[in-house]
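Okay, handing you the structure first.
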Amino acid sequence: MSSDTATMPAMAKSERTSLALNRTPMWRQRKKLANYLALLPYIAFALFPFYIMVITSLKSNQEINNLSKSPFWATGITTDHYVYLAQNTGFFDHWLLNTVIVATVSTVISVSVGTLGAYALARLRFRGVEMFGVAVFITYLVPQSLLFIPLINVVNAVDSVVPIRDTYWSLILTYPTFLIPFVMWLLMGYFRTIPVEVEECAYLDGCSRLSALFRVVLPMAMPGIICAVLFSYTLSWNEFLYSLVFIQDQAAKTLSVGVFTELIRGDIYYWGSLMAACFTGAIPIVVLYSFFMDYYVSGLTSGAIK
Amino acid sequence: MAAIELRDLWKRYDRVEAVQGINLDIRHNEFIALVGPSGCGKTTTLRMIAGLEDITAGEIRVGDRVVNEVPPKDRDIAMVFQNYALYPHMTVYDNMAFGLKLRKTSKAEIDRRVRDAADILNIGELLDRRPKQLSGGQRQRVAMGRAIVRNPQVFLFDEPLSNLDAKLRVQMRTEIKKIHRRVRTTVVYVTHDQIEAMTLADRIVVMNFGLIEQVGTPDEMYNAPKTRFVASFIGSPSMNFLPCRVVSGGNGSLALRLTDKLSLAVPPERAARYRSHLDREMVFGIRPEHISDRRPNAGSGFEEFEAGMEVVEPMGIDTMVFFSIDGIEICARARPRAVGPVGEAMPFTVDMNEMHLIDPANDRVV
Amino acid sequence: MVAVTNIGRAEARPPLSVRSRLRRSVGPDIDGYGFILPSAIIMVSLVVYPFGLAVWYSLSDAFIGQPASFIGLDNFIYILTVDDIFPKVLRNTLLFAVISVACKVFFGLICALLLQRITTFKRFFRGAMLIPFVAPTALTTLGWWLILDPTYSHINWILKHVWPFSEMGLGPYQFLADPTLALSSVIFVNFWRGLPFFVITILAGLVSIPDHLYEAAEIDGASTWDKFWKITLPLLRPVLAVVILFSTIFTLADFNIVFVLTRGGPMNETHLFATYSYTYGILNHDIGLGAAVSLFLFPILAFTVIFLLRLIRRDTAYEL
């Protein structure tokens, strides 16, 4: 809309003296406004629970429990619930730390292993590549909810060699099951968009397979790899089921499960600290997202749009 | 700077026989052009020389070693791709230095060679840019610079100019010729454009359906094509082909009967060559430039006839005139002044000294 | 000029090396196997093997802490004939997937069309829309849990205190205690979380439709409405199909939202495969039944995938 107004002045000067041409027409402005207004409910809807979390976490217990007062607004602000989280729960000392460790380690493992595999499946020619490609797609579709029961057995089997049961190592072991297929799926598409000739040129320039991969192909695939890292990190951060099943030790829990199992006690809910925990637990990933929004968007849409 | 030998070279993809046993000797420092229609196996041949594609059967020698099992990185070959294939994450300087760095050349030496090559190619000011910031022609130069700095044994080009616009293409063609004169090395140049091949190459290799049709100097390819395919592929506009019958013209001479009304006498020097085909159906081949309005004052072997013009295409220096004989369209090249309005009959002179006679049984030129 | 084969030399050529014979039989890039080896090991030991194990469990009477023995299809027969919760699981899964995906498509399309038209604050609007999708589901669902809590419910508060609702005498509703409302709530939260994926992907699809098609249609005299039905929607179909595919898969297999919000209750009315399987396998220690329940998901998933992939294949037939 703004581009056609930009080309107008020259014409207006030569043809007419009227200034009306220089402005966006009224009906167009109104339509634009209507557009923004129509979007507001969507934005409000998307952000509503976060708003509730913040407001509730900043209210004193008395105000929360005063049911005649509006739950949408806080009259006094208190940081008590956040202090409580830090002093009386394992939120910062254990859960947050565990989540960071698990997400980081399983992302590193999955992205490095997945990148190598995706490169081979997208680029190399050897018998069975197509079959492996299909296998990746199928494992990508096998949901966690189908595997958590037998994986208990696998974790126990590994535990008899190295103690991993009830530690976050059991999560680092199992998270790659859903991260690797995802990373491979994402990066296979990405590698295919990189012209083969550039890689071939590297061979002719004197590169071996590995040096061509590290010095030419991977630098070119960097946006895809960043995308894979962000998604792996987010998926690990948000994972709930495996963590719920494999970890009972309070000190070994991750954020989602720690908040869910340790902060909900009995029938009296400590809404203030619960919402403080939910909000704090979501912040790191939302901040990460806000910095790298374009990568998230491209990762999400790459599967659907060629 | 090495000779290349291809011996019975085969390449089979799953279902396609892309190259079907070709033999070729490329001399030291020679500029060879591989031409042929799209899909005839030029790129495949080039990639086998580079080592990017496995050889199904046969042998390739570069210098005096068999390179069949030598990986590309050890072949000392540089290649310029159609899409340039520059490293997008490196500056122009680093693009050119990359191969030398891998070979552990000293910093000073790398710098000297990169700047020399940049001088040759006039890209000195671009060294700090990234490929994204370059125009098509500049990318093309960088791609060549990257090959030049390495001073490889062999240069391979795969349709390097086809992504450029027409004007730039002609300009780069001349440039490539100059560069080859400066950095003498063996070049294999793939193109589907016969004009590029004619203007650049010491020798031309015409390929078709995975086979070599003919190898020769541009002059030989133009004047003495060995097959109908080569005859039609080289030269623009393409050679005219007309079915004809070789008949006896009395007192030992021969004539070609094109239609009931039109027969052209064969020059006496050629009669002996064609005698064995007397009374057989053959194909008469003649280039447009040898059918003209010009009537030479002296010399023999000129035949005349008249035909009605159907389409006229002025090209400035000459005008292409199209007419048909027995339903077959013929193209002639006439001086613009001599061409009247479309529909009118016009006299033409055929230079029968430049004729070709093709045996339709095997499409070979007699 | 065509050189004649030098037969003598051809015969003297050394026999092929092992490496090149290998290359001939498996392809030029043998090292490819090395590259996929790590991921193959992980996938086989942590996906394929457990999957096989799940199948074995489902055919056994495995119980936590006890040796298992083969019992054939008994688990499946039990689930299908005796178990009266399982039909509800099937019903819920179907409702859950169909209703929430349908809503996501409808509202996702509208929102994407609106987002496409805005110029200022574009990044802010798009960015805000996607937040529900990236934030931890378990934690955001806890936020909804508060919003839907019978005592503290914000919705009930509005119904009681805000005119004109306060005049109508509606509520308070037991959102998570009433079976129908509980299922609706669960679907609603799933809709909230999944909508951004639709919006963003559809938006990307919209942007990829070339302008000249709309311009051509305008010249042909098409109205906005015509353009939507004749250009936007048909060209969006492949994108829609893929989004629906992924969303359906993840909705069918969902665990977090139901578990956090209702734990399958009230009275086991809101179970999905995942939560029901968890109830059997983890809470009741009956691994055999838990595995059998979760395995039911597999044919349903496979069917959905194949069906939707078919649609996609057919749709992408017309390229631009």
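As written, the chain order gives the labels A, B and C, with residue 1 at the start of each chain.
By definition in this document, a contact is a pair of C-beta atoms (placed from the backbone, for glycine too) under 8 Å apart; a residue touches a chain by one contact, two chains touch by 3 or more.
Worth saying up front: this structure is predicted, and the values here are computed from it rather than measured.
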| item | value |
| --- | --- |
| Starting at subunit A, fewest touch steps before arriving at subunit C | 1 |
| Two chains joined by the most C-beta pairs in contact, as defined above | A-C |
| Computed distance of Cα centres, subunit C from subunit A, in Å | 15 |
| Distance from subunit C to subunit B - Cα centre to Cα centre, in angstrom | 56 |
| Where subunit C touches two or more other chains at once, by residue number | 28 |
| Residue numbers on subunit A that touch subunit C, as the complex places them | 1-2, 32, 35-36, 38-39, 42-43, 45-50, 52-53, 56, 64, 67-68, 70-72, 113-114, 116-117, 119-121, 123-129, 132, 135-136, 139, 141-151, 153-154, 173-174, 176-177, 180-181, 184, 209, 234, 237-238, 240-241, 244-245, 255-257, 259-260, 269, 271, 274-275, 277-279, 281-282, 285-286, 289-290, 293, 296-297, 300-301, 303-305 |
| List of subunit C residues in touch with subunit A within their complex | 25-33, 35-36, 38-40, 42-43, 45-51, 53-54, 57, 107, 111, 114-115, 117-119, 123, 125-140, 142-144, 146-147, 149, 151-152, 154, 157, 161, 192, 195-197, 199-201, 204-205, 208, 239, 242-243, 246, 249-250, 252-256, 259-260, 273-274, 277-278, 281-282, 287, 290-291, 294-295, 297-298, 301, 305 |
| Complex contact set, residues of subunit C against subunit B | 1-6, 9-10, 13, 17, 19-20, 23-24, 28 |
| Subunit C partner contacts - residues on subunit B that touch it in the complex | 5, 7-8, 23-25, 53-54, 59, 66, 68-69, 203, 212, 214-216 |
| Subunit A-touching residues of subunit B, taken from the complex the two chains share | 50-52, 71-73, 75, 77-79, 81-83, 85-89, 98-99, 102-103, 146, 150 |
